[in-house]
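If you scroll down you'll find the structure; I have some questions about it.
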Amino acid sequence: MHETDKEAGLLQALRGVTTASLTTVLLKKGLRTVWMRGASALSPGQPRVAGRAFTLRFVPAREDLANPAAWSSPTSTRAAIEAMPSGVIVVTDAMGITDAGILGDILCARMKQRGVTALITDGVVRDGAGVRETGLPVWCNGLAASPAVASLSFVGWQEPVGCGGVAVFPGDMIVADGDGAVVIPAALVDEVTAEAVELETFEAWVLAEVTRGVALPGLYPASAETLARYAAYRREQGL
Amino acid sequence: MHETDKEAGLLQALRGVTTASLTTVLLKKGLRTVWMRGASALSPGQPRVAGRAFTLRFVPAREDLANPAAWSSPTSTRAAIEAMPSGVIVVTDAMGITDAGILGDILCARMKQRGVTALITDGVVRDGAGVRETGLPVWCNGLAASPAVASLSFVGWQEPVGCGGVAVFPGDMIVADGDGAVVIPAALVDEVTAEAVELETFEAWVLAEVTRGVALPGLYPASAETLARYAAYRREQGL
Amino acid sequence: MHETDKEAGLLQALRGVTTASLTTVLLKKGLRTVWMRGASALSPGQPRVAGRAFTLRFVPAREDLANPAAWSSPTSTRAAIEAMPSGVIVVTDAMGITDAGILGDILCARMKQRGVTALITDGVVRDGAGVRETGLPVWCNGLAASPAVASLSFVGWQEPVGCGGVAVFPGDMIVADGDGAVVIPAALVDEVTAEAVELETFEAWVLAEVTRGVALPGLYPASAETLARYAAYRREQGL
Amino acid sequence: MHETDKEAGLLQALRGVTTASLTTVLLKKGLRTVWMRGASALSPGQPRVAGRAFTLRFVPAREDLANPAAWSSPTSTRAAIEAMPSGVIVVTDAMGITDAGILGDILCARMKQRGVTALITDGVVRDGAGVRETGLPVWCNGLAASPAVASLSFVGWQEPVGCGGVAVFPGDMIVADGDGAVVIPAALVDEVTAEAVELETFEAWVLAEVTRGVALPGLYPASAETLARYAAYRREQGL
Amino acid sequence: MHETDKEAGLLQALRGVTTASLTTVLLKKGLRTVWMRGASALSPGQPRVAGRAFTLRFVPAREDLANPAAWSSPTSTRAAIEAMPSGVIVVTDAMGITDAGILGDILCARMKQRGVTALITDGVVRDGAGVRETGLPVWCNGLAASPAVASLSFVGWQEPVGCGGVAVFPGDMIVADGDGAVVIPAALVDEVTAEAVELETFEAWVLAEVTRGVALPGLYPASAETLARYAAYRREQGL
Amino acid sequence: MHETDKEAGLLQALRGVTTASLTTVLLKKGLRTVWMRGASALSPGQPRVAGRAFTLRFVPAREDLANPAAWSSPTSTRAAIEAMPSGVIVVTDAMGITDAGILGDILCARMKQRGVTALITDGVVRDGAGVRETGLPVWCNGLAASPAVASLSFVGWQEPVGCGGVAVFPGDMIVADGDGAVVIPAALVDEVTAEAVELETFEAWVLAEVTRGVALPGLYPASAETLARYAAYRREQGL
């Protein structure tokens, strides 16, 4: 329960910081490869999401495997969906293939029913209109009409995957917003979240300074004088 | 006339099924390569279109051919447009070149005047704002300011072409919606249309089942029990 | 001052012609490579902009250079921004790299404060929501959360650059609208502007002709008879 | 032992047929996606190899995982190599990444010691000169100096993988020659091998016919008359 | 006969000038897009070839068309080969697809029998070892085991095509050597050949000058003094 | 002189270590992005080279700049070559453009005359046969017949550049061999060279161990026992 509360606190904090802030914090720790190429918000204005990664993995289609019979296989996307716990973010390795939709409206509707927070892929989805109607937030590389088996074979879930050039392990933290989707390695979630919250506050103050006409030198990066002014501001605001 | 009525019925039916359903039906017949890469709806919310393919073909620009003099050539896009019958969907092979617009507002306006149903290309158009104003629905790979001759030479119409990695022959059926554009080979139009209408009805029922909380196993793909429930539903609905 | 008036007149004229017309005029002079690949309007409906190019140049990131320390370097994007005069269009060579944002909301806010007209790049920006709020018009190749230093090292400003496959020199004229961004070489600005204004007027008349049902042959390209009709129209309109 | 003899016979037969013949036979069975893009013979004149697939899988590098510490991990390429039985062909999914060598001379030498038949990857190797000296035949997409961890994280062996756009499962049959590397799904090995041996004999006869001046029509594809002549030839040769 | 003699003279002259010289001459006439991307000599040391273009055209494979039945179609590569006159260079538009060989050893052997001078494509060939044995010089983008129908549908011959980003029309002149393959538009062959022969002589002299230690300024491009020295050299050599 | 001796010693040492060893050492220091994509040895068997970077920079061609007149410009490749000191390695940023040769035989001959050690580019060269005859070692991405001005405009030398995805500054150390070309940042040359020499000795010993049958666990990475054996070996060899 204590753990659950802590996780809920982390998720709430992460929904309040931009992916841009998170990548800055991760870069300062030496992690440059955390933003997933090709995963854009399907619907404009999707709110920011945060959750633990539940991974799906595809390999290329081979005609003896990737056909309608695959839909009944014990290693199907259907089986994977029924294994998804509530609150996860599903990260799908489609190897960047964009001419076959990994999932369509029916499977997205079921994921929404199961409490999945969001779907993220370096591939595409199909039934775009229907998917949007399910209300499941999706980050993907566009739409395609063709079913997954036209180009992809599903091979498993909860394995390490690559998504958009980034390694994602089951249980890593995922945050996605208008700038795309970012992974925070599980071991670093606490410290990254704390530092990102700090950074977010600081940069909001810097932006306000710029907006009132302050020049960049000495402000950003901050000189000692600027840091002092910021410290004063924080005290005033009771932060 | 009878033929015309049949064709009108096919077009009406096809405007009622998604390209996603069509690709599923085509895949079951062994056709995986029917969805055109790079052809996205230019304007959000464009309604679904269906029509017979009228093809245009470009090769790369060579400076002795691709220049303003080409606009008066007997093999110009202008001449092709004047040969377009009403109701066709113009499928243009731009070899995926995206830095020169195959057509702009004036030519699109003329196509609209001639009753062309839609324009589809793996390339781009120019005068994007003007093209939208013509009301001609366009599926393309974005916009570019440059004229076609900056990168392309027009070489003919009503020839077999490739568009977005798909072979298209004059007279093939084309359907396009928010998920993109799909070809149905001319010889398969009747059976594919019939099966897609069936599939559409079934999947709508499945989606409703999922939305009321039914799990995927046994539902999709359907078990014998599910199929029996669906048959009952059809009887109830008089389908 | 006289110079300033002339420049203001040019800019006003250029804000009235499409980039499509400009590329047609430039092509007639033998310039095919003037439209920048990958630079699309960040916000739909951004008005057309015109201004002189102020260039920024990046090279790929090397981990000993591209790190937070770079933000304080004398060769930083911060220093470049403080050197930007009012009215310029900032053209940034990001080598087409799309997985790290060249700039975010704070730096865009400062550019807006300094009177920069627009930002154009073959790369991407970050803090997309924040950048839009600054009101600075941006043409770019999407968004990414990661900071520039994740993939890029900034090396200087006001140098010749490549942007989207096009050579841009400081002081070249830039025009951008819904069809993207175009360069007019500094030496050609006067004549290109004059001819584009002419072309714009003519093509508006042609489009009206097409809309009222005139066929393309003889109209576009124009026959002698068409040119005579157009001349009559111009006289009527007092153009 | 009987099984072993049969396998040895298959391997010997497969070393006598070209990958071109194998892909023709597989295509006739509906399998088009069996040739691995990007896997070329490292040394000219490498003899044809055949063997069962032993798979390695990488995901993209993340800096907290892909570093020298990974070399001692229980999930290292070192551990995978010590698990390789004699006679296998190692198929490595490098996701087509070509700027970091998956393995170098030391690990290839160890694979050679363990009796590995060949290494195939859609990525690259490093220490090219040293790898050639080990005598291990390699099919890859070139060479790179950088170590795997510069761009790749190793995650496991004997899992389904994608290699050059083709699905490969542990135990599938792999054949590679000057035209590249091909997979034969495990369930199809017997029949494909038998048909390929037939096809090879027939096409050698056709080639001899062409070389003595016979035209293609009726010869290839063969008319009934041609098939009769071929049957006669087979009888003469005691085939 | 006179025509034949003239053509033979052109071909002999063109076999004596590099494709590099030809592209320089063509560029001076405003033609930049004449070198075909992706068409490299299959065998090192292939001698330079020259001949008129005979074109082949493919579109992408669609499974109802691209299958073994296509080999007997009246529009097959077999039929095209039987239509090839002696001395032509076959230019094949494979749309840059590199995972299926457009032709193999049997068809190349037949082309050699018919007196075809060379095969050029932006795609690949199969049966690489067998193709080399036929003695037909090939410029291509590598090798693949798969048959054409795995990815390509053949649609015709002697049509305008694109090959490696270049427009080629039947009857254009083609020259290929170690630097690749170049098209000379039919209308420009005489003048381009004459100027290239001149340029070749001049650049050989320049190279000799550089080799004996002359610096570039004034030499290349040539000053008036250099041109005078070259004129003297020509007189001495009786050129 | 002392400096010169030291530099000569560094160069000699670097000619004795592989680029693979150098990238390993650089990675251990956090530098992953040091190997240049697309720069392969033009001639097989080119010996390893080492030298300080002398950079050349191109931007894309614009037809008003990139034409034969450019050859006489003060900012020409000719002028750059006359500024090259003996012993440098010329690193050329061609932005990865591979359809126009940055330089041909005449300019390479002049570079050879001036004592240039090697030419490295992410682009291509032309006059391949002639370039090989000059004896200048070249690492490039293939050959093309077209002159640089067909696709590129030369803009300067001795500036920071990107080459194959790597930042290179004038004076950085470059080493190239059969695995490609690597940059060592100027500030790190001494320590990287020393450590690479050490690593090279150790890995040669490891390879010998593997060749005599030692398994990888405990050997590579080395256990304490292995390190002790290696230390003994070093003592025996007097290293």
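Per-chain numbering from 1; labels A, B, C, D, E and F assigned in written order.
Basically, a contact is a pair of C-beta atoms (placed from the backbone, for glycine too) under 8 Å apart; a residue touches a chain by one contact, two chains touch by 3 or more.
Only a predicted model underlies this, so the values are computations on that prediction, with no experimental measurement involved.
Student: Among the other chains, which touch chain A and chain E together?
Tutor: Both chain A and chain E are touched by B, D, going by the contact rule given at the top.
Student: Which chains make contact with chain C and with chain F at once?
Tutor: Chains touching both chain C and chain F: none.
Student: Among the chains here, which has the CA centroid at the largest distance from chain D's centroid?
Tutor: Centroid comparison gives C as the farthest chain from chain D.
Student: Tell me whether chain D and chain F, two copies of the same sequence, contact each other through the same residue numbers or different ones, using over half shared as the line for same.
Tutor: different
Student: Taking CA centroids for every chain, report which one is farthest away from chain E.
Tutor: A
Student: In whole angstrom, what separates the CA-based centres of chain A and chain F?
Tutor: 39
Student: Whole-Å distance, chain B centre to chain E centre, using C-alpha means?
Tutor: Here chain B and chain E have centroids separated by 37 Å.
Student: Can you give the whole-Å distance between the Cα centres of chain A and chain B?
Tutor: Once rounded, the distance between the two centres reads 32 Å.
Student: Touching two or more other chains, which residues of chain D qualify?
Tutor: Counting only residues that touch two or more other chains, chain D contributes 30, 32-34, 61, 165.
Student: So which chains actually touch one another? I want all the pairs, not just one.
Tutor: Result for touching pairs of chains: A-B, A-C, A-D, B-C, B-E, C-F, D-E, D-F, E-F.
Student: Flag every residue of chain C that touches chain F in the complex, lowest number first.
Tutor: 30-34, 59-66, 93, 95, 153, 155-156, 159-162, 165-168, 183, 185, 187-188
Student: Looking at the complex, which residues from chain B come into contact with chain A?
Tutor: Answer in residue numbers: 18-20, 22-24, 27-28, 32-35, 37, 40, 165, 177-180, 182, 203, 206-207, 210-211, 213, 215-217, 220-221.
Student: If you look only at chain F, which of its residues touch chain E in the complex?
Tutor: It is residues 61, 67-68, 71-72, 78-79, 81-82, 98-101, 104-107, 109-110, 113, 126-130, 142-147, 149-151 of chain F that touch chain E.
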